[in-house]
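Should a chain be cited, it is by its letter among A, B, C, D, E, F, G and H, assigned in written order, with residues numbered from 1 in that chain.
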Amino acid sequence: MKFTVYLAGEIHTSWREELIDKAQALDLPLEFVGPMTDHERSDNIGEAIMGTQPSSIAKDEAASQINNLRTELLMKKSDLVIALFGEKYKQWNTAMDASAAISLQKPLILIRPENLHHPLKELSNKANVTVETVNQALKVLTYVLD
Amino acid sequence: MKFTVYLAGEIHTSWREELIDKAQALDLPLEFVGPMTDHERSDNIGEAIMGTQPSSIAKDEAASQINNLRTELLMKKSDLVIALFGEKYKQWNTAMDASAAISLQKPLILIRPENLHHPLKELSNKANVTVETVNQALKVLTYVLD
Amino acid sequence: MKFTVYLAGEIHTSWREELIDKAQALDLPLEFVGPMTDHERSDNIGEAIMGTQPSSIAKDEAASQINNLRTELLMKKSDLVIALFGEKYKQWNTAMDASAAISLQKPLILIRPENLHHPLKELSNKANVTVETVNQALKVLTYVLD
Amino acid sequence: MKFTVYLAGEIHTSWREELIDKAQALDLPLEFVGPMTDHERSDNIGEAIMGTQPSSIAKDEAASQINNLRTELLMKKSDLVIALFGEKYKQWNTAMDASAAISLQKPLILIRPENLHHPLKELSNKANVTVETVNQALKVLTYVLD
Amino acid sequence: MKFTVYLAGEIHTSWREELIDKAQALDLPLEFVGPMTDHERSDNIGEAIMGTQPSSIAKDEAASQINNLRTELLMKKSDLVIALFGEKYKQWNTAMDASAAISLQKPLILIRPENLHHPLKELSNKANVTVETVNQALKVLTYVLD
Amino acid sequence: MKFTVYLAGEIHTSWREELIDKAQALDLPLEFVGPMTDHERSDNIGEAIMGTQPSSIAKDEAASQINNLRTELLMKKSDLVIALFGEKYKQWNTAMDASAAISLQKPLILIRPENLHHPLKELSNKANVTVETVNQALKVLTYVLD
Amino acid sequence: MKFTVYLAGEIHTSWREELIDKAQALDLPLEFVGPMTDHERSDNIGEAIMGTQPSSIAKDEAASQINNLRTELLMKKSDLVIALFGEKYKQWNTAMDASAAISLQKPLILIRPENLHHPLKELSNKANVTVETVNQALKVLTYVLD
Amino acid sequence: MKFTVYLAGEIHTSWREELIDKAQALDLPLEFVGPMTDHERSDNIGEAIMGTQPSSIAKDEAASQINNLRTELLMKKSDLVIALFGEKYKQWNTAMDASAAISLQKPLILIRPENLHHPLKELSNKANVTVETVNQALKVLTYVLD
C-alpha cells in the first residue's frame, strides 16, 4: 500500500527536500505533493496566463484562483497532510490549508517551532499530531507505516 | 426566517458591537454568536477549570480544547460566518475559523483592510465575499436578506 | 410543519407573485425565498457596496459574489426548489441553481414552456418533476402537502 | 500520479481534440473523458436502444436518461472538470454539468469567450478558475501538475 | 422536543389511523407524515396535473415523479421511519422507502407479519427494529421517548 | 479506465452469465460483482458458519447478516449497479439493493419486463435508466463507455 | 438559542440528575436527553415488547436493537455529547457512544476519574475536552454558552 | 479486485497472524493492516519521539495522538474492519475503533467469546456480523469473496 502526503506551509526553506530525501532513504512507501514552491512564479502565475491585470489586487486574485485549484486538486488525492509553520510571514495560507485538511478529514501532522505554541494552540489542538522538527514528523511516519 | 451569524476573528476592537448594534437598528433578522472575546479569560480558561498545568504548553492545550469546543458548537449552529482580520497578531485562529467555515459550506464574508490583500489572497479567493469594512459587510447582509 | 421554497429562475415576469398569491389563497404552509428580482440592483450591487470597479468584468465579479452568497444562504434553508425557465436570455444562472438544488438533494420542480423541451431534456430528466405552468406547479405542491 | 479530466460543454468544435493533443505533446499525466460528441447519436440514443417513442418529448426523455447516466458515471471518476461555453445554442447542459462539478467538489476550470462574461458571471464566480482559451486552460494544467 | 415520523408502506388498511390515534391517546410528542393513501388519486395524479398521457407507462411515469417528490420532501423532514409490509401486492415502494430511510440514516422500525420473515430477512437485518404489530411499534416509540 | 458493475436481483436465471459473456465479447472494460447466486447456499450460510440456530427466524437472521455484509462490501466498490426484476418471488432484496444504489449515488440501470411497469413505477422513476432486456442494458453500457 | 445535550455513559449513579439540576440552577439554555437509565428495564425491553426469547443471546439482541434505536434517534437531535466513565463494568456502550459522537461530528466532553487515564487515552485524545468531574463539565458548558 | 482489512482489537494473542496465515493459505485477495501490536512500543511512542513528558497523563497524550493518527490513516484505506474482543483489559480502544468503523460505513465483523455477549450486545447489534472465532470470521470472508 502506498500513501500520498501533501506538504503544506513554508516555501522559503528546503524542509520538503529534506523530508523527501530522508523518507526515500528509509524506503517509506510515500509519494509527496504540495504547493508551487517558486514564490515568484506562484505570485505571478495569474498574469503569466491571463495577461497583465489592472491592479495588484486583480493580479493577486488571478494568481490565487490558480494556486487554490492546485491545492484543492492535490490535497484531495492525499492520504495525509503535513503543515510546517516557520518564523516569518503571515502564513495564513498554511493555516487555511491545515484547517482544510482537518475539515476534509485528512490526518494532519503540524510542525512548528516551540516558541510558536501560543498563537498556534487552537490549530495544534485540532491537528492529529504536533511536533517541532522534520525529523520528528519522519519518526511519526515511520511508526504509523511500520 | 431568522439567521445565525458567527463572528470570527479579531477580539481587540469593538467591531462585533458595532456590527450587532447597526444590524439591530436596521431590524435585520439576525442572531450573533462568536468566540470568547475576553482575551485573558480565553487564555486562562483551561487552568480555571482543570487547575494549574505543568507548563505553558500544557496551559495552552487545556485552554485551546475548550475554545475549540466553543467554536465548533456555535459555528455548526450558524448559517453564515463573518471573519475579520485586523492589523495585529498572527491571527491563525481567524484563518483556521474562516477555512473551517468554507469546509463546512457555511457562506463566508471576509473583512480585511486593503493592505492585507496579498497575504490573504488565497483565503479571499475562497471566501464568498471580501469587503474592507464592517459597514460594507452590513450592506451585504442587508441585500441578501431583502 | 412548514416548508421553505426557493424560487429560482426568470426575474422579468411576475410568476413569483402569482405563485405566492395563489399559495396563500390556498393556505399552503409555505414560505418563499429567492434571488434579487430587481435586475438593475442585482447587476450593480457589487459597485454599490465596494465602489466603482476598473472594468465591466470586475463589476460583474463584484456583483456575482454577493448574488451567489444570497443564493447559497437561502437555498440551504429551503426544503424545495422551483426553477422556471422563460423564453428569453441565456438563463445560465437558472440552470446553475437548478443543478445546485439537485446536488444539494433539494427536491426540484422545473417549470418550462413545452417548446424548450429539447435543450432542457437532461435537466428535466434530473429534476423530480417537470411541468409547463405555474398552476401545474401549484397543483403539485397542493398534492404533496395534502 | 495520474489525473482524470472530464471535458464538459460544446460539442460542435474540435476543442477537445486540440486540448488532448497538446496535453499529450506536453506529456501531462492526464486521461480525458466526456460526453458523447456525436450530436445526432446523442439525440437518438434513446430510440436506438428502446425503440421508437410516441412523441418528441418521450424521445428526448429516453435519450436524456442515458446521456445523464454517462455524465454521472464519468464525472464521478474524474479529478477535475473543464467546461467550455461557445457562442451558439442554449448550452444548459454545460451549465448543469459545471454546477454539478462544483457541487461534487470537483475543481472546475471554465473556458468562455470574453463577451459571455455577463451572463456567466455567477458561474464564473463559483468556478475555481475562469479563462478564455483552451491554451490558457492548458497552461493552468501545466502549472498545477508541475 | 418533538419528533416527526414518516409512515411508509401499505395503504389499504387503516394502520396509520390506528397508530396515530393511539400515539395521541398516549400523548407522545410525535407528528406523522406519509404517502398519499388514496390509491386511485396516487395512480392518477400525473394525468390530473399534466393531462392525459399517451400510454399507461407514460401515465405511470407522470404519477411516480410526483409521488417520489412527496416521499423525498417528507422523509427528509422526518426523524424516524416506520415501514409496514402487508400480505398483498408487490410492495416494492415500501422496500424502496425502507431502504432509502436506512441510507439517509433515519432510524427505521419495520412492521411485518411473522410469515413474511424469509423474503424480508435482509431488510429486517438492516432495519433498527423489526416487530410484528402496530402495537409493538407503539411500545418501541413509548420506550425511546420516555 | 476500468469500471466495476454490481449485478443485483434475480438469481434463478442465467442473465448474469449472459451479460458478462457479451460484455467480454465486446471487450468492454468492465469487472462484475454481485450477490451469492447459489440460492441454497445463500439461505444456509448463517448455519453453515455459526451452527444450527433455534428457529427459522434465527436461521434467516444469521444468513441475512452475512449476505448484507457481502452486498455492502461489493456495492461500495462498484461504479454502477444493474438491477434486474423477474416475474417470480417477492424480490424485496432487489428493491432494497436498487434503492441503496440510488442513495449511495451509484448510477442505476433497471431491467424489468414491461408488464411490471406499474408496481415498479416509483423505482423506475428514481433509476437513471430503465430498460426491458439484458441486451438493451448492454447497449447502454456500450454507449456510455464509447 | 437552545442546545440539546446527550448524556452518555454510566447509569448507576445520579450524575445526570446532578448535572441537570445545576444547569437549571445556572439557567443554562440546555435540554438533556440520554439512554434509558433503569438498568433492568433496558435489559428486558426486548422481551417486554416481543415476548420471551429462546436464549439469553436472543433476549440481548431483542433489547439491544431498541436501545440502539433510542440512542441513534436522540443523539442525532443533539448538539453536544457528554460521556461519563465510571469505575465499574465494561462500559463498552459508553465507548461506542462516545466514538459515534466523534464520528457524527458532535462535540464531545469526556468525564473520567483520573485513574482511568491510561485505558482511555486514545478516546480522550479524540474527545474535544476531557475533565474529571461533573462540575468541571458544567464549567465548560457555562463558558461556551457565555 | 483486492480488499484491505483493518484488524482492530486485542494485541496480546496471535490472532492476527493466525488469520493472515489462513487467508494466505486460502489465497484470498486480502491485504491486512492494523494497530501497532508491540504494546510497550505503542505506550512509549510519544516519549520516543517528543522526549520525556512531565507526567504519565502527558506521556499518554503524546502516545495516543500518534496511535490515533495511525488508526485513522489505515482505517480510511480499508474496505472492511474486523474487531476482536478478548477476555482481558478494558479494551475501550477496540470499542472505539469498532464504532468508528460503523460510523465510517466500513463493514464490520465482530469476534467475541460467547460469554461477552451481554456487555457487547449493543455493539454486536450494530456490527454487520458477529462471530465467536477467527475461523468463523475467515469463513465469512471466504463466502463474501467467492
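Note that a contact is a pair of C-beta atoms (placed from the backbone, for glycine too) under 8 Å apart; a residue touches a chain by one contact, two chains touch by 3 or more.
Chain by chain, the UniProt names read as follows: A, B, C, D, E, F, G, H = YtoQ family protein.
Keep in mind that this is a model prediction, so the values were computed, not measured.
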{"item": "Option reproducing the contacts of G-H, where over half of them reappear, out of A-D, E-F or F-H", "value": "E-F"}
{"item": "More contacts between chains, D-E or A-D", "value": "A-D"}
{"item": "Chain located farthest away, centre of chain G (YtoQ family protein) as origin (C-alpha)", "value": "D"}
{"item": "For chain B (YtoQ family protein) paired with chain G (YtoQ family protein), centre-to-centre distance based on mean C-alpha positions, whole Å", "value": "31"}
{"item": "Chain C (YtoQ family protein) and chain F (YtoQ family protein), separation of their C-alpha mean positions in angstrom", "value": "38"}
{"item": "Per-residue overlap in chain H (YtoQ family protein), given as positions that touch at least 2 other chains", "value": "65, 68"}
{"item": "For the chain F (YtoQ family protein) and chain H (YtoQ family protein) complex, residues of the former touching the latter", "value": "4, 31, 33, 36, 45, 48-50, 65-66, 68-70, 72-74, 76-77"}
{"item": "Chain D (YtoQ family protein) partner contacts - residues on chain F (YtoQ family protein) that touch it in the complex", "value": "1, 3, 79-80, 105, 107, 109, 128-132, 136, 139-140, 143-144, 146"}
{"item": "Of all residues in chain A (YtoQ family protein), those that touch chain C (YtoQ family protein) in their complex", "value": "54-55, 58"}
{"item": "Complex contact set, residues of chain C (YtoQ family protein) against chain D (YtoQ family protein)", "value": "56-57, 60-61, 63-65, 67-68, 71, 89-93, 95-100, 102-104, 114, 116-126"}
